[in-house]
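So, here's a batch of structures to check.
The following pair of complexes shares a single chain, subunit A, combined with subunit B in the former and subunit C in the latter.
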Partner chain A sequence: MRRSVFTGALLMALGFGIAEPGAGRGNFTVSAQQKAETAEVKIDNFSFGPTELTVSAGTTVTWINRDDIPHTVVSTDKVFKSKVLDTDDKFSFTFSKPGTYPYFCSIHPKMTGKVIVQ
Partner chain B sequence: MHPFDLKTVLLAKHAQHVVLIHFPIALFLAGVAFDFLAHWTKRQSLAAAAYCNLFVAALSSIPVLVTGVLAWQWQLEGQRLKGILLQHLVLGSASSALIWLAWFIHARARHDNGYHRNGLLPGYRLPIEALGTVVVAITGHLGGFLSGVNGPG
Partner chain C sequence: MAGRKKDEIIHDHNGDGIDRRGFLKCMAWAGTGAFCVMKGGVLRSYSLSRISEISTADIMGELSFAQISDSHMGFNKPANPDVAGTLKAAVEKINGLTAAPEFLLHTGDISHLSKPEEFDTVEQILKDAKPKEVFYVPGEHDVLNDDGKQFLERYGKMSKGGGWYSFDKKGVHFIGLANVLNLKAGGLGTLGLEQLEWMEDDVKHLKHSTPIVIFAHIPLWSVYPEWGWGTEDSAQALAYLKKFGSVTVLNGHIHQTMQKVEGNVTFHTAASTAFPQPAPGRADSPGPMKVPAEKLKSVLGITDVNYVQGKHALAVVDSSLA
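Coming up: the complex of A and B.
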């Protein structure tokens, strides 16, 4: 009887020991999601602002059209491409790989910008 | 970009429409002006000038329509249009139809009354041409708004 109680206690302790790291990982995952970075680029008066944006890998960049004119956000290297954004429309893209991502508005090709992912 | 870099200019997918559009607009407005003057002064030579301007305006509206549709297909990958872009497309098509209609009325009058005479032009052409002028003006305004002629740089 004593032996079985001891064995049971040992198994419970082991069980907690195994479960604990799992619980820790869960918390870490949530905190990692909370830390997911975002950045915003405003489109206004026929320009992207900021024109050059530096972010870390994993950052989601959102372009929002504050102009009265429809615009698009098109990667020069064809990495991403938005639909036509009317006033207050948004487009988001998550940059997972480091690099330089130049982009432009396909309706107004003189409008250019760049996202630098570190 | 060099202003005489023809290769870049001709191969720019977006650029042709905004260049070519000036021709039908100018020719149509000149044609309408000549036709109104012909109506008031009863001068055949002005009606002939109107016919010639309307004819070239109608012809030049074809490449404008084609390049506009191509810009839509190439630059925006033919995605469903809405807002100002859709209004511009609809009014642009209507403008072209009205230009062709104005020319057709003149052409038919010339045909019915002798090829080298302007004959009796029907009075209803004038409100049609006036409507065409308004539609062309609105389409051009929207086009200028879209292309950013009032924007910086």
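Coming up: the complex of A and C.
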């Protein structure tokens, strides 16, 4: 128990937090035993790359803003929501449940992407 | 100088790729805004960067004001490492006008990251402007992280809901609209039902001869929807204005000047005081452009509309200084 609380707190401290309190809290299920998988989405030239990313459940996806303009990563279904990301800022979210997670940049809503969790 | 390329950096003290000459080049294109003068119900708009070339008679009218836009205070990338300096330059140009404008309109993106100190800096710089009254509408960079709460606390005293309001100056009715909140995935700027209903009611009692000036951040016409340069429900807003003879729409957001005339409505977008953006579709994305000043006019795609006679009693004019 202690460990999982600590891991949760650590993840929050690392910027895994979500703007809406409580939302998606159940997704923080990465334990020390599980082999943590990671994937990256680059934000560049006003687009998410790859636009569509397929990962297995439990994967932590990190978005990194390589543009010289700020962007955000906001789930269309309000599952996750980043703060504004300036150049080189990152946002991570761990997908524990299979499903399709469409998202967009709330500043430039023409920028859309999708994470498919298997 | 032999062997030196034309744009080579000679003194790069800060290691940021910008020497003094490079900075002065930035200054040549930035620090821009528009001087607007209402004459017989007709709005004329002049670029501040060329205002010294026109005669005093041309800039005198019943009412004049200046529009500035997209200050992006806090931006510090190579496209313009000194956005405070270029905003100051805009203020100096406004203060140098023979006929001082009565007030300022700021069409949004005051700040770059919605940080309190960014708003503070802009307010501080604008205190040096001769016109003391400033009317703001929010840009998407001003409402980050808090859905516009901070913006409304600072500038929303006369506004309804999400930052919209109207006021009258010498018989001209001004309407400030907010179209940067609650943006939907894949969509454009949005006014929303509540704001549209308010606007319909706001103009209902006005005489048809009242000149109307609408100002909002994202263009209220489809400049380039592929880059999000338009507003989903602007057609509804404009439909409320059909009965009026003189309607002018002032926007920012696209960091370049453009004009379009549609019936009784003239649309203008103002340049940014911070950095330019590419013409629609001329680049992979609408990111900041890093261009030498001498090339800027061609990429900004400045369109000059000298005189347009509408079908109605009043005409709307946009003049360049060429």
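By definition in this document, the second predicted complex is superposed on the first by the 84 of 118 C-alpha atoms of A that agree within 3 Å, B and C clash if a C-alpha of one lies under 4 Å from a C-alpha of the other, contacts with A are read in each partner's own complex, and residues count from 1 in each chain.
Convention: a contact is a pair of C-beta atoms (placed from the backbone, for glycine too) under 8 Å apart; a residue touches a chain by one contact, two chains touch by 3 or more.
Since we're looking at a predicted model, the values are computed, not measured.
Once the complexes are laid over each other on subunit A, subunit B and subunit C cannot both fit and instead clash. Once the two complexes are overlaid on the shared chain, A:Ser56 sits clear of subunit B and of subunit C alike. Applying the stated contact rule after C-alpha superposition, one finds that A:Thr38 touches neither subunit B nor subunit C.
With both structures placed on the common chain, the touch criterion links A:Lys110 to subunit B and to subunit C. In the superposed model, C is the one of subunit B and subunit C that contacts more residues of subunit A. In the superposition on chain A, no contact is made by A:Thr94 with either subunit B or subunit C. In the superposition on chain A, contact of A:Gln118 is made with neither subunit B nor subunit C. Applying the stated contact rule after C-alpha superposition, one finds that A:Phe46 touches each of subunit B and subunit C.
In the overlay built on the shared chain, the residue A:Thr76 is in contact with subunit C alone; subunit B does not reach it. The superposed model shows subunit C running into subunit B at a single listed stretch; among 2-10, 20-28 or 110-118 it is 110-118. Counting contacts as defined above, subunit A residues 45-47, 68-70, 72, 83-84, 86, 106-110 meet subunit B in one complex and subunit C in the other. Within the complex formed with subunit C, the subunit A residues making contact are 19, 45-47, 67-70, 72, 74, 76, 83-84, 86-87, 102-104, 106-110, 112.
Within the complex, the subunit B residues that touch subunit A are 12, 14, 75-76, 79, 81-85, 145-148, 151-153.
Taken in their complex, subunit C has these residues touching subunit A: 77-79, 112-114, 140-141, 144-145, 183-188, 226-228, 284-288. For subunit A in complex with subunit B, the residues that touch the partner chain are 45-47, 68-70, 72, 83-84, 86, 106-110.
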